[in-house]
Amino acid sequence: MPEVLFPLDSTKSFTEQQITGHNRWHPDIPPVAEVRPGQSFRVHCREWFDGAIHNDDSADDVRHAPLEIVHALSGPFAVRGAEPGDLLVVDILDVGPIPQEDSGPLAGQGWGYTGIFARDNGGGFLTDQFPDAYKAIWDFTGQRATSRHVPGVSFTGMIHPGLMGTAPSAKLLATWNAREGALRATDPDRVPPLSLPPLPDGAILGSLRGGDFDRVAAEAARTAPPRENGGNQDIKNMTKGTRVFYPVYVPGANLSVGDLHFSQGDGEITFCGAIEMGGFVDLRVDVIKGGMATYGVSENAIFLPGNVAPQYSEWLAFSGISVTTDGEQRYLDSQLAFQRACLHAIDYLTTFGYRPEQAYLILGAAPIEGRFSGVVDIPNSCATVYLPTAMFDFDVRPSAAGPARIDPGRGAPKAAR
Amino acid sequence: MPEVLFPLDSTKSFTEQQITGHNRWHPDIPPVAEVRPGQSFRVHCREWFDGAIHNDDSADDVRHAPLEIVHALSGPFAVRGAEPGDLLVVDILDVGPIPQEDSGPLAGQGWGYTGIFARDNGGGFLTDQFPDAYKAIWDFTGQRATSRHVPGVSFTGMIHPGLMGTAPSAKLLATWNAREGALRATDPDRVPPLSLPPLPDGAILGSLRGGDFDRVAAEAARTAPPRENGGNQDIKNMTKGTRVFYPVYVPGANLSVGDLHFSQGDGEITFCGAIEMGGFVDLRVDVIKGGMATYGVSENAIFLPGNVAPQYSEWLAFSGISVTTDGEQRYLDSQLAFQRACLHAIDYLTTFGYRPEQAYLILGAAPIEGRFSGVVDIPNSCATVYLPTAMFDFDVRPSAAGPARIDPGRGAPKAAR
Amino acid sequence: MPEVLFPLDSTKSFTEQQITGHNRWHPDIPPVAEVRPGQSFRVHCREWFDGAIHNDDSADDVRHAPLEIVHALSGPFAVRGAEPGDLLVVDILDVGPIPQEDSGPLAGQGWGYTGIFARDNGGGFLTDQFPDAYKAIWDFTGQRATSRHVPGVSFTGMIHPGLMGTAPSAKLLATWNAREGALRATDPDRVPPLSLPPLPDGAILGSLRGGDFDRVAAEAARTAPPRENGGNQDIKNMTKGTRVFYPVYVPGANLSVGDLHFSQGDGEITFCGAIEMGGFVDLRVDVIKGGMATYGVSENAIFLPGNVAPQYSEWLAFSGISVTTDGEQRYLDSQLAFQRACLHAIDYLTTFGYRPEQAYLILGAAPIEGRFSGVVDIPNSCATVYLPTAMFDFDVRPSAAGPARIDPGRGAPKAAR
Amino acid sequence: MPEVLFPLDSTKSFTEQQITGHNRWHPDIPPVAEVRPGQSFRVHCREWFDGAIHNDDSADDVRHAPLEIVHALSGPFAVRGAEPGDLLVVDILDVGPIPQEDSGPLAGQGWGYTGIFARDNGGGFLTDQFPDAYKAIWDFTGQRATSRHVPGVSFTGMIHPGLMGTAPSAKLLATWNAREGALRATDPDRVPPLSLPPLPDGAILGSLRGGDFDRVAAEAARTAPPRENGGNQDIKNMTKGTRVFYPVYVPGANLSVGDLHFSQGDGEITFCGAIEMGGFVDLRVDVIKGGMATYGVSENAIFLPGNVAPQYSEWLAFSGISVTTDGEQRYLDSQLAFQRACLHAIDYLTTFGYRPEQAYLILGAAPIEGRFSGVVDIPNSCATVYLPTAMFDFDVRPSAAGPARIDPGRGAPKAAR
């Protein structure tokens, strides 16, 4: 096991740890450690809500989830010699739930959760269809996940960090704040909001204190969106064995990581669609000097996915186009086309006996593939979503015999509005 | 070989054939043949531009491609007993270039083409960056494709029909015309247009003649977009061995097929991004009575992909977010995020010596994967594009040694504006 | 379609064709054509028994199959410039059943066969357990195979040539005859025989006539075994897209090919275990001058398998060790261990309702994997056989519920002894 | 983490632990714990030689490895309710090197070893060609393995237990001793021996003491060979996520496990061909009552492999036939054919600069596939071995350019004879 550079004690909150992480992006958040190119090290990661979501049969915690505290990130780690313009090479040597802790109250201790967030507290991809909060608890047995809230389905976890990235420069941070503010200003009262402003309330900024804390807290970017530095990309394919290349914007690169997922479908569509958990990630870093110019990488991660992701060879696929459920034609809108494909999958699964929110939770958590199929055939984009048939206990394919009927069981807990 | 129900003679134009196909959608286009559930049959397909694009080193044909004549479709085929509300089961038993014709002037005779369309004649996914017309000719050797216009790359074709679908009902057709007209009305002079209106000019409507022809030509929908009936979905995964389920909207279902692709990347991003060709497709049809209600499928195809698509295990991936190249923040726009991911891939490949349009042509034609990665992390969607590293003759991965340099050769022909 | 250098007329026997092939190995069999390095060409192939096995419900044809006439081979093809010591590069561009002929009396016309050969007429891998002759007819629908003689199973064909190779030199031929004769001499009356001697009866030797014919017929090697020149290797992985490298032993290399299989399990265990058919193969050849010494290849093919073989991700596996069914311990005998693994699979499948010969026929014809697992753990080798679970219409996995019961139907035809 | 039922302290020898395992098979070795059907539990495993092989640059330890002490096994675990005739279901939930110990003197602490054993101390698959002892040390970085003794190659580990099985009944044990003794008696002085007799010297038998120990030590079977109970099957495909079904021969089943491998090629051809290590395995057990009769499983494991084994899509393959290197023809001997295929691969790799023993070590340790290709084409079996091309740092495929030349470095340590 590589040296643990960022330890976490599962019995303590994220702010009571030996080393404090952060939950905002800012160049002035001090590194927690320096690592050498070529060095391997272990990082513990707290689940993104720092324990606010419980292993129980109520969705009240999801309903009132404290969005201001996410994401609990580990780091930053300064890489010796890394300078702006370099590419930071990050190998994901291993990643998994909290080691040696198979049960307990913290997600990652043998279990994780998927949430459908309420429209007025986060929302989600299909929030118009699913405005209420739901939760599903998933139990881990080895690398398999099953849920008492979603029967008839089990799958091998596609474990990955949902969020990893380098620190922005002051200039880049200013760009973020400006452009996201401009968007928000076009409809400032929208629910869910168009973007999230800097928010001192709930900010955790490593070892910063006093005036520095206040200044940085007022400027620092929220961690929800992916941006030029990587960040919350939620790329399910960044599994064990993946090599990622990040642009470097500040001296030392200042790498941070968190938001581990036991599994996730493409899109993470229920907002908290992955199976969320705390755990560990083993990283090895290196630097390609001047790599940003050499390889034309000015922003966003590029990566070589690992080769031990779960394999499936049979899929059931659904397609969608960019027409709203109200029949309005939109112009080449793949976001909408993917929503429609996912809604088709949900409609289909309900004919087998699932409740719609159970089907939605499956699409968020299971290793589904979401693909851009046609993006140029005016005015309709075509998007497709692929479900591995092997994850169902029954034959999920259409046939003249009609759908098998499953017992949806107690269902996924729903919170009052 | 199954019985050929729709034969084509490569030496004659699409309208001079023994049986005439069609290039518009309308319920009143008469079937060319009736098939029984369980029946297998062969269909010849003309390349979508009916021979207007040539195997040469000029892009003038692409520059002035006659958009009003696409897509040259084979059919419709009436399926005995199929009624509105049923699901039509279509097995793609085999699909390939024109059999027994390995050379000749028609795409599909041992070669195919990929075009970047000019902004004012079709446009494309990256038309702001690539407003001019380019062309690449690909030669087929077995199932491998190579191009004299794009050196250093070869790949196994992922052969599929770009377009297949059932006929719309009169009501559904009216819906299409209404919603697409409403969109077009919001910016009627836009180039490229927001949608394409019915266009009698160039219409081919099977055996219709006289007043029926005129009436139908005035109402019939263009075939460019995918819609509820399937249509031009451009799903690269509909390869040999795939089973597709289409909604049935008219008695007999009236299945049509065309726009064969030797290969295509997800999105078909250069508009004519696939390797276009004529050829054949062997189909077998069946009917699930009442299947639309039974399985909750009111629109759009669902399918079980085949298991002989080319396999790759190593990928180089790029990510993008929904910020424009001008730095404007958009709200959860996966279409834009995928554009940015593709532009990143193009920027990267140019550091190896490719000209930007060559890289763009590769992304359109090669078996790249385009995935929705994050679609809920306001305000940025995250999209990813995966290139199989094995298709390059050189090591395409980033390293401290810097990129290998390829000779771009003569490059892809470009047309004058 | 590449130029057809070796055409066959399905209505005529192998010896009545425009060009005559061969069914023995000898350096003096004259080439039927010369090809250039880099040239692509099409070759028609006759099924190995030249039509002696029929699409019916009797195994009498298998019982009395004329072993002296196999294998009906196409070629030899001389490659310009190839000399002893070179490596001949052979690309399998495409391979399939008889094109454009979907029904008819000749295997390859939409159907193929698998035979269990009687102990005294060929034998097979499990001839002690299955001394009688059986037959199964498989129907092709696209690339899928099903059989009226073996219900409950269907799979995608893994199409490949069972036999391909270069001509032996006179010296190499002499070596073959000497070593195989020496083996045979140790038990000359064994049934089945230990090896097959040269046999003028039934020999087909291309254009050779008269004294040359008689001389060559007396010396030429039978084509049953694989040898240094490649030959009847029955490697199911030599599918479309494969590149093979053969040693060159005579000027021109003199490449021959035949024994096409629609599908085969590893080992081709029922002797005629593959789904036998006639058809076509498109080849492209090249030469690596001096390649045998350069790459240390003195014998036997090396190859790069294609990437469009059928994909399966779920397998049911059986193991076996080198102890006979009578309980006798053998020393590190993988042949025996694989027999035992196959027998275990057969025993297992019979608990689902299959008759033993049906299970045996499945293992011969379906894309099963047979692997050497342990070969050093004295005294027992361990071999394993993997069945793709997706090929069964039912759940073939063990569970507490016990096996599903299938109806074995009419069963596979059996011949009287 | 499941409860640890068999803990090991890396600083103590196998016999000094809190709970003592065993290194022989016998029904009377007492269980170390009882588990319930459905229970998950963790088992620590010692590397098979209990620390006798060191992380250094000498092969003297391999030369004199104490064969009498292998294999250090963990268990037996009694499963409540299991009775003879049942099938024991064992899920491999997880398996890996020693957790939290990334460096140290014990194989499994961040490193492992592969040995070529000397002819007179174990031998191996190619002992005639490689009569001397060699060693290679492999370092683990995440799931990747590299070796200072074998440059130019790295691969993802295919981690699995080499040995797992249930206890034999007294009757079955007697059968083993009888048949293996009979074989040994045919050539009692052979080196390496034909089989290994019971050997009290070095026996470890759990908690047995005194007269019981002596009696059992005199009867107990060595653990080298795989047998009816599973045992040392060395099946590389029994990776994480695999479900295995074992016959039950004694009340409680008495499951034991050990001989963990970080990676292994099919066959484990250098005898100690895998990358040997200690570590942990998480198991879950269940019972199918009467399953042996229900499913026709009288002996040997059947299994459903997991779906997270490393994926490769490009392979370089070699073939071999059953003719000895001296030119002697053997009859359908797949063991020999596989030896010849492996020798061909070794000859090939030496043309790139590898020393023969380095190539041999690669074949033993890397995830190569070894397949039975033809087993019925008298007199030659055909076997094939597939190397993933991606594991080499250079292009390992044949071409007109000739082989790249690697620097073999210091090479693999060799021991004096």
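Chains: A, B, C and D, in written order; residue numbering restarts at 1 for each.
Please note the rule applied: a residue touches a chain if its C-beta (ideal position, glycine included) is under 8 Å from a C-beta of that chain, and two chains touch if they have at least 3 such contacts.
The structure presented is a predicted model; accordingly, all values stated were derived computationally and were not measured.
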item	value
Shared chain contacts [subunit C and subunit D, defined touch]	A, B
A-D or A-C - the one linked by more C-beta pairs in contact	A-D
Distance from subunit D to subunit A - Cα centre to Cα centre, in angstrom	39
Approximate Å spacing (C-alpha centroids) for the pair subunit A, subunit B	32
Mean-CA-position distance for subunit C and subunit A (Å)	51
Subunit D, residues touching no fewer than two other chains	307, 311-314
Partner subunit B, residues of subunit D touching it in the complex	311-314, 390
Parts of subunit D lying in touch with subunit C, wherever the complex brings them together	87, 89, 123-125, 175, 179-180, 182-183, 192-196, 224-228, 230, 232-237, 245, 266-271, 273, 288-289, 291, 294-305, 307, 313-321, 323, 327-335, 338, 340-341, 344, 347-348, 350-351, 369-384, 386, 389, 397-400, 402-403
Partner subunit D, residues of subunit A touching it in the complex	1-2, 40, 91-94, 99-102, 141-144, 156, 240-241, 282, 284, 306-312
